[in-house]
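Below is one structure, written out as structure tokens; the observations come after it.
Chain nomenclature is as follows: A, B, C and D, assigned in order of appearance, with residue numbering initiated at 1 for each chain independently.
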Amino acid sequence: MEITVNHLMFGLFAAMIMVFSILTVTTRRILRAATFLLLVLVATAGLYFMLNYQFMAGVQLTLYAGGIVVLIIFSILLTSHISQKFEPVGWKKAYFSALASIAGAILCITTILQHKFQATTEAAKEIDMKLIGNSMLSTDRDGYALPFEVISVLLLAAMIGAIVVAKRKKLKE
Amino acid sequence: MSGFQYAVLIPIIPFLMFLLIGLVGHKMKPALAGLIGTTGLFISTVLSYITAYQYFFVSGKVDGVYQKIIAFNTVWLQLTDKLHIDMGVMIDPISVMMLIVVTTVSLMVHIYSNGYMKGERGFQRFFAFLGLFSFSMLGLVLATNIFQMYIFWELVGVSSFLLISFYYDKPSAVAAGKKAFIVTRFADLGFLIGILLLSYFTQTFDFVTLTSPGCPAIAQAAGVTFMGASVVTIALVLMFMGGAGKSAMFPLHIWLPDAMEGPTPVSALIHAATMVVAGVFLVARLFPIFALTSPDALTIVAYVGGFTSLFAAVIACTQNDIKRVLAYSTISQIGYMMLALGVSGYGGHDGLGFMAGNFHLFTHAMFKALLFLGAGSIIHAVHSNLMTEMGGLRKYLPITHITFLIACLTIAGVPFLSGFFSKDEILTAAYHHDKILFFVEYAVAGLTAFYMFRLYFNVFWGEDRHYHHTPHESPLIMTLPLMFLAFASIFAGYIPFSELVTSDGAAFEAHIEMPIAAASVGIGLLGIFVAWFMYMKPKDAPAKMATMFKHVYKWSYNKFYMDEVYLFVTKKIIFNYISKPVAWFDRHVVDATMNGFAWATNYASYHIRELQSGQLQKYAFVFISGVLVLVLSFVYFFMN
Amino acid sequence: MPFTFSIYDFTGFTQWIDATLRGACSPFWAVLWEMVIVGVLFLAFYAVVGLYLVYAERKVCAFIQNRVGPNRVGPYGFFQTIADLIKLLMKEIISIREADKLLFNLAPFIVIVTSFLALAAIPFAKGLHPIDLNIGVFYVMAISSMGVVGILLAGWSSNSKYSLLGAMRSGAQIISYELSVGMALVTMCVLAGSLQLSVIVEQQRDLWFIFKGHFPAVTAFIIYMIAATAETNRGPFDLAEAESELAAGFHTEYSGIKFAFFFLAEYMNMFIVASLAATVFLGGWMPFHIPGLESFNHVMDFIPPVLWYIGKTAFIILLMMWFKWTFPRLRIDQLLNLEWKFLLPISLVNILIMAFIVLMGWYIGL
Amino acid sequence: MLNAGIPMEAFLVVSTLMFFAGVYGFLTRRNLITILMSVELILNSVNINFLVFNRFLYPDKLQGHFFSLFIIAIAAAEAAVAIAIIINIYRHFNTINVEDVDKMRY
């Protein structure tokens, strides 16, 4: 197989994802974990670019990297001090969790590699913003108006809920 | 209909008073509540008198026979086509008579209570309960069918219970209420079984059907026998058991003396004049069945009544508590009535006993209510129930004294007072029916005179005791009922009962048999003399007598140890030999099984609960491991 | 592919480079070489633009404050910033005790890489457009939203309370104003009907969007200018590094080249928002055309697109510098009130108005 | 196409590893925020799978695309609420260690 730039890019992103996701869950400094998570998410956005889902990549960058991770980092800034390091995980817990995770991973990967996926022969659809926008508000067979509205209600609820939960109550001394 | 529809108002008005005072009474001034209750009952009383006049003298009689008139009826529970429970109003001689008794005494008690209960806590509640009682009692006497009677019978029991334990912060009152309730409930069980038995075989609850002579349903039921006795007899005996419970016949009398814990007007109304004669009324109501179908049951009634009257009279001779004396006197007098019914036949002059029993019921209601109200007046003045703390009260309580004396003379059977007439009729009836019972009653008449005058002399004569304050006459509102009842006690005997209340509704000629009358008057006067001799002057005669008849005195003083017998039976025998093994079984077998389950569950949960640590990560770990194991085993077994 | 070079259209030139490289080596290496060329070019561009923005700021500042400004190194002090850069490169890098070294070192790179990434989607001239993504505007937004992470990391890992407070303020401010920037851009995207920057530029052939969209476009432009100034942490919104209060904000503890990175990234961010504004509102490299005036349009076409682009961006940057040296600094509560109570609601309504206008065809244009 | 020449399984393997890294973090971490980060990893790997299947198996459809779009939206909402809760917990307990947050008072 001829090596192309695609392979190079994919290898870069895949390596980033694998290394940094493992570092995310094993590092003992919380902000490092968040940073590694950010790198994982950026690399994932890269994968989306490679899959030609540019809009999804943009959403990934905006919402995940620019939104959720920033939120997480903010909460870390509010709740942790730089001198804090996590206790090392107990060997028993670490051992069994690692065993379960590795076993699961091996199982899934073998299954994926053994399975023969059947692709459709239909022509690929060119995904541009117009199509996405129209599908999002369409009520046809391939329309997503209902989930879109439901999500909007969910987001409103989450927004109100977050405000209510985090609102500082008047401390009664 | 017959123009008696308004009679339905007689019970309804007290019920409305009960609702009114019971629901909003606590917001009224006590005096207003008393006024409302009294007014309501006054209206009922007036209606009752109108009914009585209309019935007896205007429209009740057809062809010389008083008819049973259904003034009002509504089907309440349709059980089957034939068997249904109605609610209604039936008017016949005995119900009209009872109407007069109940409303009169109740009205008197209402008026009296306005003075007696003044300033008591729960004054409004008291009047509400009085209203409830009046309603229930009137409903009972007007019942058109046996089941309606049963319902009101229980209502009467409830109001009695409520009024006995009126002072609910007094442990003895609460205990007395409980005792009355339990004993009468036990008796009512018999009543209910009797009702079910009778209605099962006769397919009806209706009094009119049941008590018409030669009723085919009864005849058919009488043909069925069980263990050597006709079903009707068994049913009647069971029903009499209910009546005996309510009327405090031996051996179910034990609740009545304790019931004196209630306020005295209550004792006068419920436990002397009205409710306790419900048993007599029941027998009278079912009298045609008793007399025509089941003479055996009637004999039982007679002997129970006779024994009870003697038994209670003996106890009354030695009691110290003024109200208890009256209570045992009541038991004794009710025994009289029962006996009178028991010795009666059906129709014409044979029904003399029936007439006499009802007659005595009527007169007794008047003078016994008078006695109780008088006793209330005395207690009101002295603040004690005990005779030993009374004496020489005639100077302080002139009106009470005179009226009380009239009542004593009446109950002792002094001629030309009402008691003389009714008692004399009973003795006559007994004499013609059964000589043993006659002599028993004869003795009881003497004892009655003795203990009543023992009471009278002890209280009103003799020397003064140490009173907390000088006793004073009760206010007019209390003495007015006394005077009215004294008047009634004197003149009630002149009502021609033999023309009005008879077993078959037709009038007959009743006359005084001079020998018997003379004998009874004689023994009555003897009793009075003995009492005068023993208690008029402070002597040691009573003490001597007590030592002479030491055992009799002791037994009598302790009420023949009836309460102890009950306690022995219940505590020693039933508890030890039935309840304890049952309890043991319950505790060690039934409960143990359940406890075992509980223990096993508990044990298992205790050991399992550590799994529920609340730590989501542990759950997740178990979940993931489980999924992995499942998938791996699936792969191993099915994917080869 | 023959060699062609035109100042008006770079398409032929870039295609010639591509063809030449593919002819010389395997496709793998060809793409790799292209990447290297573009990367080196951009690095150079980046450095030059950054340095000269600093110089420009100094000059503008001096002009507004009635001073001369840098005038010793080179003519008119032209090489002043280069001298500054050399000084910074030679400075000692102070290492901080108890700091998280990894993150402390990583933070400036995150900031600079994000600004660098954003540059990739900007069209400089016809054919001079690194990547023409179909979500161009969205991409720039997404990338610039990540820059705040670097600031937060820098503040936290410095183990200094000034840095931490500065970073928190800065983060809150950037996140807040990002919304208004996005909304203003969305308003224009509604008018354009596309997120692709090349399409947006092409659609302004007749008339620039700020004129075409008249009232809502002008509103959006004003909002964009305010919000973008705030998002880049420039005065009068420079609370995060308010010298009088917080020493220097999140980069208090940085020195030497790492400080230079932050400094450079700040100016590059200004350049990026300015060029985005120029592209979306003022037609990017598109010359100024008036519908109907053919001869005028033709005259305008003679000015090269690159110059149009640089001119417009410079104009916007000048505007932002003008803000900075004219207005006094806001308080933090005023800052957040301005965003959440005024800018954001106005931009939301503005989008609706714009959508209505587009729907009814009431915009100016032929 | 940038994905030309890259087999689908390669993407899936990457996402699987990411998923189980997230699982491992979820199982071993004690800090609430790191647990949240692990959950984000898991969600992200699922997103990759949706998009990969959509691109490689059903390029004519958009279901996977929209599914992951909605997942991201929900993840954002979830993160916002979760962090609000975490901040609140921190205010009450002065810690965000899951094992120390075991009182159900306040």
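The rule we apply is simple: a residue touches a chain if its C-beta (ideal position, glycine included) is under 8 Å from a C-beta of that chain, and two chains touch if they have at least 3 such contacts.
These numbers were taken from a predicted model, which means no experiment stands behind them.
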#### Entry: Innermost chain by mean C-alpha position
D
## Note on the structure
Taking each chain's mean CA coordinate, chain A and chain D are separated, in whole Å, by 5
#### Entry: Geometric centre distance via CA averages, chain C-chain B, whole Å
105
### Task
Compute the distance, rounded to whole Å, between the mean C-alpha positions of chain A and chain C.
28
#### Entry: Mean-CA-position distance for chain B and chain A (Å)
87
#### Entry: Two or more partner chains touched - positions in chain D
23, 27-29
### Task
Indicate the residues of chain B shared as contacts by at least two other chains.
621, 624
### Message
Using the touch definition from the top, which residues of chain C touch two or more other chains?
### Response
none
### Query
If each chain is a node and each touching pair an edge, is that a line, ring, star, complete or other?
other
### Summary
In their shared complex, chain C is touched by residues of chain A numbered 2-5, 8, 29, 31-32, 35, 38, 42, 54-55, 57-59, 61-62, 65-67, 69-70, 73-74, 76-77, 82-83, 128-130
#### Entry: Touching residues on chain D, where the partner in the complex is chain B
23, 26-29, 35, 98-99, 102
### Task
Could you please specify the touching residues of chain D with respect to chain A in the complex?
1-6, 8-14, 16-25, 27-31, 33-34, 36-38, 40-41, 44, 47-48, 51-52, 55-62, 65-66, 68-70, 72-81, 83-88, 90-91, 96
### Summary
Within the complex, chain B is touched by chain A residues 96-97, 100-101, 103-104, 107
### Task
Enumerate the contact residues on chain B facing chain D in the complex.
614-617, 620-621, 624
